[in-house]
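Structure incoming, see below.
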Amino acid sequence: MLTVKNLEVVYNDVILVLRGVSMTVPEGQIVALLGANGAGKTTLLRALSGLLDIHDGAITKGEVRLRDTPIQGFDAPKIVAAGLGQVLEGRRVFSEFTVEENLRVGGHTRRGGLAEGIEEVYELFPVLKERRKNTAGYLSGGEQQMLAMGRALVAQPEILLLDEPSLGLAPRIVAQIKDIIVQINERGTTVLLVEQNATMALSIAQHGYVMEHGKIVMDRPAAELLDDEDIRDFYLGRGDLATSYRDIKHYKRRKRWLS
Amino acid sequence: MTMLRTAPSTRGRKSTGVRGRPLLRTSYEQDLTLANTGAKRRGVVALVIASFVVPFLLADDLLQVLALGMISAVGAIGLNLVTGYAGQVSLGHAFFIGVGAYTGAVLGGDPDGAMLGYGLPMWIWLPAAGVVAAVAGLIVGPLAVRLRGLYLAIVTLGLVFLGDHIFREARDITGGPGVGRRGAELELFGIDFASIEPISGLTRGQAQFFLALVFLIIFAILGRNIARSGVGRAFGAVRDRDVAAAVIGVDLTKYKVMAFAMSSFFAGVTGALYYAVIGVFEPGAFSLLLSIQYLAMVLIGGVATISGSIMGALFIALLPRISQFIAHYVPDGLLTVFQLEAILYGLLIMGFLIFEPRGLFGIWTRIRNYWKGWPFSY
Amino acid sequence: MSEPVVSVRGVELAFSGVKALQGVDFDVFDNELFAVIGPNGAGKTSIFNVLSGVYRPQQGSVEFAGSDIRGMRPHQIANLGMARTFQNIELFENLDVVDNLMLGRHAHLGYGWAAAVAWFGKAKRAEVANRRRVEEIIDFLEIEGYRQLPVGMLPYGIQKRIELGRALAMEPKLLLLDEPVAGMNGEETEDMARFILDIRNELRIPMILVEHDMGLVMDLADRVMAMDFGKPVATGTPHEVQSHPDVIRAYLGPVDEATLAEVQGELA
Amino acid sequence: MTTFLQSVLNGFAQGSIYALLALGYVMIYKATHVISFAQPALMVCGGLFGYHATSEWGLSFWPALIVAVLMGAVLGMLVERLALRPMVGKPVFTLAIITIGVDIVLRILANRYMGPDPRSVPYPSGSQRLEFWGLSISQQRLGLIVVTAVTVAALALFFRYAKTGLAMRATALNQETALAQGIRVGTMFALAWAIAGGLAAIAGTFVAATGAGMEQNTWIIALKALPAIIIGGLDSIPGAVIGGLAVGLVESITAVFQPDVAPWLGNNFALVAPYALMFLVLLVKPYGLFGTKEVERV
Amino acid sequence: RSGGDDESSAGPGITEEACPDAVNKDNGCIYLGVISDLTKGPFAPLAVPITDAQKAFWKKVNDDGGVGGYDVNIEKYIADAEYNPEIHNKKYQEMRNDILALGQTLGSSQTLAILEDMKADNVIGVPASWNSAWDFEDQIMQSGASYCFEAMNGVDWAVQERGVKDKVLAIHYPNDYGGDAAAGVEAAAKANNLDFTSVETATGQDNQAGAVAAVLKQKPDLLYITTGPAEMATILGGAAAQGWKGTVVGSSPTWNPALLKTEAAPALQAMYFQAGPWGPWGTDSPGHDAMRKALADVKSPSDGYTAGWVWEYPLLAALKSAADMDGGVTRENVVKAASELESVDYEGMLPDESFNKNGEPEKVAWRQSVISKVDPKAPTGVSITKEMAAGPTAEGFDYKEPCFALQG
């Protein structure tokens, strides 16, 4: 159980990015967090996992609790040790390492059974096994994304924060990732999923939050969000009814429906 | 290469954007001028006026320190071009400064002295020193095309050692270690800037100060021109992402070599003038330490800013005085006042970088933005 | 059809063991929007890298704008009129938006270092003229508000747009787009789609598009090439390619005949 | 021929010192991607620790060496904690300049301790030499070669089998990602500096046991390790060793033969010969002999 | 800025007001400057004792009542120039209005860097070196024989006393110091019909491989070294370890008593001799006694102290004689007094007539020096083995110009 209360985050002492965010990620659930580019999703994840100060950011107000322990003062290694793992946005593999070394670093906090952990990842992503001795930086974009995901899994976190795991993946792999998330969730891992691919996220999440300009503007069960017209319009693009992209009208300007 | 990629230019600009007070421009020309706001223009004018008043308020020895600081500022601008703007970290600046110093000394040196000297006038030896150093830079540039980051840094450091060897051995030109030679004759428009006799009412310190000031103003403008033109932009592209730069049509080899050549030109003229003012110098002057000092000027002043280079150079020039000043207020017990001074020199450089990693320029922008935003804080 | 803008023949590219491209052939014609699709690691980005001179293929020929560009260096190819965007944004983060776009115009500046040092005169005039062109692009892409901001701190979606802008600033004869809508939500994807259409219709620049968003590809592309394991498996109209069994396999993994028929039916 | 073999042997022995020093640089580079210009000062301090342990505390050489290593490690950690930790995440060249500040400060303090006199650490067998085939080498140098070999082996094993070794390298590649894997970045830095301090102390103690001992100008030796690490590749342990030995050999052979073979290269060309070798190596291999190539991919 | 602003009274560097912490409160004050190498530079180990001895020298002068109604202060204007001509110049500019003369200016190119200004300012200076070039400069007051004569005497002595008859090798720094000495060795080798070769070497113990190889290859009877102590010990130790035997004579800066604690000690005892301008610390003379008393606190004596002390005598003499001139102590009078001095009271540390500026160097330059041997019982590890004398080479040397030209 991860709870966030009234969180405020400021970058460089001046840029207020999160303005009082509250949310709950209940034990054993998948929670989706949606929001336009720049809404502050990544910032929220950084605040949860203690990676803000590297970016000159700081929590100025509010509280983060992991199973009743306030963790907002902790540094990242301590939080990871407490069982919270994160897949960073944008395939942050260690480029100069081989695929296998990346996975081994991922298991830094894992107690024992590193080889098995890595083997499990290879089962999930057979490409990685083929490329195990290759330099990670030369993998294709999608392969790197798989590696980033796999690396987080080796650590066997209790709570997993995923920042856009489907970015740049082919449809087949997206489906696969989706299955993997469900699978690890079934094994007892709580998941907080940040996604632009809202269809995918909401179809597996129990609950969803929508973030806009550093605030939570919607907080509903995932199924309801999936049916919400605005959400469909904004995140899912043209639903089944929409016309081809070719017919998009030029006068259609970007609008925000809230705030 | 990410080595010197600094945080995107700072709090300052960010808050301008966020707080949004778009400065109204009516033409692109206006946007492109050097001092593109009224405040900046007034600031520059005030600064120039102040610089012309300073010499009448300070003692000669301090003026000479400032003059030398201004001359080395040109070298710092040069280093900033290659290292700050183009991202090619060079620890070889001392070598190019040395090449300039000896070119100047040979061309402008006393023809009757013990060392080689042709006694040419300053308007020849000064630019020639730049040109010869730039040619040396052209030769070294291609190394930069192959190497990256610290490898490049250490290789350019190797240049300093090789240069040191050459300077030691070329005794007809350099006098050799422990002996040294005289710099070029400091005479321009019939004024001898090295003479101890007052020159039309100015002391030597004042005269040299003005000489250095004019020199600095000219080269600062040249530096700024490079930085704001397509060349400067291409440097930035090469620094931040060289593959992307190539793919949008920037010839990496050409610009890396150009950065080295331009930087060396600045180093060359600095070397020639600096050691002409100093008088006597020996090969040991162009050591690793000198390179490091210039790198410190750039880092302390602020990477990829011209005004930062100037501030950094003045700071490094004044640093011995500052540490001297502080050291004399600390009672000497365990350490002598000189050891204290030397330690303070180290500590001040460290302290500066630790507490203000964006450099003097960063402090300056912060102050400026504070007043811009006044009386609103976020 | 007219002369192809770019024509790729028998390109082979391998990296110590990994065969990234094998026997790749295709042409792109004037005013055409050519899409390349395929699973991750299929070699799509590698094609772009070969085209723009970042990789040098071991075999095959690449002809662009009438010259054989195999072996040319990236900036030479760029100066021939090839522009691209990158899968991972490759903007100059420390520079502001205007400078990034001005860099796109690097080849068009038309003054050398000497003029730059002197500034007044030629350099200044060229800067102003090019700045004007850049403003047109800013206008076109609706990024007026960000002009003076360092791009590093802009939202992802805007950065993608600026990257497109930088490529456009080059006034290219061919534009390569690598996953332009990855990581974007529905609305942003629509915006991007609109720009792509505008580029096609107003600027008439032929494009090669790599994208995993099938909806977008199928809607926009004139022709599609599907790849798997570095080889083209099908080339044709979106409709033809979409229902090609090898393509479906590449995207869905091994499927039995029944599912294949079902999917084909769905697509039809 | 004997002259040649003897100069090879001398170069090898001297190269061991460079190898130890080079390893110190490599350790810090591996964890932080910074070249530490404080290595010379750490070496001087390490040698003085050895001196203090022998002459003030009356220890004999080997226990004194261990004491010096421990103190060197502590000093390394202190430096990291006080001067470098606040700078985590800042551009590496800023950090490099900070290490120069550290070097200045430490060296002044060391000079203060040393005073005008060279300080030397007595080696058990004094200046006895081992003679064979017309060649000779001092026992002290042999000891040095053995110690270097053992240290290198230990470090290589550490990096191969301990996950800390991998974590250290990961830290250097990307601090944020490393943090996100639960790696204690600060600990890695401290560890790297501690190892570097210890290695510098071994080198320093042996330098102090050689010739005239440790004096105020001895720090310069540590700069010879710079071409060594470039020749070997900045982040490679075998590279540091091979680079160090190469520098020692080139220097020794040039010193002996260049004055006759190539007098036109000038006096004391041996001093810059390592740099000449460095240029040659880099022309062929831009990341040194064993350095990791930086990945560039778009 | 203070100190010299009383120009109305007696000119720069001299005040009617008492010195800070004056011994004689009624005396005025003369300020002497020191520009030395006190922290990081290569000569810091030598320069610190030199400077301390000079402080002690003037303290003793003050204790004895001062000079012509003035106390002398050499503590207020001390600068560390790190052996760098540029800093040297800057430091001089800082103190040029505040001092009467330079009690010490260390280094040759360093001193040259300020010489013109010194001349323009009428400031005389005491060098911290024994360079033949200074015999030709009016405003530089040098004591004892130059490195050049010292080297001639060393070679002559070795020929007479150590049976050297074949080959002499000079290993030297490439600078003013090594160059001056090497020129002397060459002259003496020629005069004695010896085979002469010279090898330049660099600073740093680790850079002596070439020098050692040269010794082993040439196998000279006599090795004359002008380096620092550590380098000398490395070369000598290294060559001896590999079987070379012969005589080594080093210029005075090659010695440091702490070398006797290093692994090179046995070889040093067997082969090393030091050529020096005067007797080492432990020598018996009134001046040496006075020095030892004044520096009683010094824990490890070295001949840096001796040198620093001796060098100040001519300056004291010049001040004394200026005090008797019209106008008293002023810069001009001190310059004039110095150039007219024909002898200086060295209290027995050097013969009085050894200092003479009044005449052509050919006639007045001092050519005598001493040779010391290693003596572990002596306070600085060496004691005199041959008293003050000039060998035949030095005696007959045609001294029209410096042995080693500094630049003009």
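Going by the order they are written in, the chains are A, B, C, D and E; count residues from 1 in each one.
By definition in this document, a contact is a pair of C-beta atoms (placed from the backbone, for glycine too) under 8 Å apart; a residue touches a chain by one contact, two chains touch by 3 or more.
In this text the structure is predicted, and so the values were computed from the model without any measurement.
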{"item": "Shared chain contacts [chain C and chain D, defined touch]", "value": "A, B"}
{"item": "Set of chains whose contacts include both chain E and chain D", "value": "B"}
{"item": "Chain pair with more C-beta contacts, A-C versus A-D", "value": "A-C"}
{"item": "Geometric centre distance via CA averages, chain C-chain A, whole Å", "value": "28"}
{"item": "Whole-Å gap between the CA centroids of chain B and chain D", "value": "32"}
{"item": "Distance between chain centroids, defined by C-alpha means - chain B, chain C (Å)", "value": "42"}
{"item": "Between chain A and chain E, centroid-to-centroid distance (C-alpha), Å", "value": "75"}
{"item": "Interface hub residues of chain A, defined as touching at least two other chains", "value": "138"}
{"item": "Multi-partner residues of chain C (at least 2 other chains)", "value": "45, 54, 86-88, 90"}
{"item": "Chain D residues counted as touching two or more neighbouring chains", "value": "104, 108, 111, 267-268, 271, 294, 296, 298"}
{"item": "Touching residues on chain B, where the partner in the complex is chain C", "value": "5-6, 8-9, 13-14, 16-17, 28-29, 31-32, 222, 225-226, 228-234, 236-237, 240-241, 243-252, 258, 262, 304"}
{"item": "Chain B-facing residues of chain E, complex", "value": "1, 38-40, 78, 80, 84-87, 89-90, 93-94, 96, 107-109, 112-113, 116-117, 120, 173-179, 405-408"}
{"item": "Interface residues, chain A side, partner chain D - complex", "value": "49-51, 54, 75-77, 80-81, 85-86, 88, 92-97, 101, 104-109, 135-138, 151, 155"}
{"item": "Contact set on chain C toward chain D in their complex", "value": "45, 49, 54, 86-88, 90"}
{"item": "Residues on chain D engaged by chain B in the complex (per definition of touch)", "value": "29, 33, 35, 37, 83, 86-87, 90-94, 97-98, 100-105, 108-109, 111-112, 223, 226-227, 229-230, 234, 266-269, 271-272, 275-276, 278-279, 282-283, 286-288, 291, 294, 296, 298"}
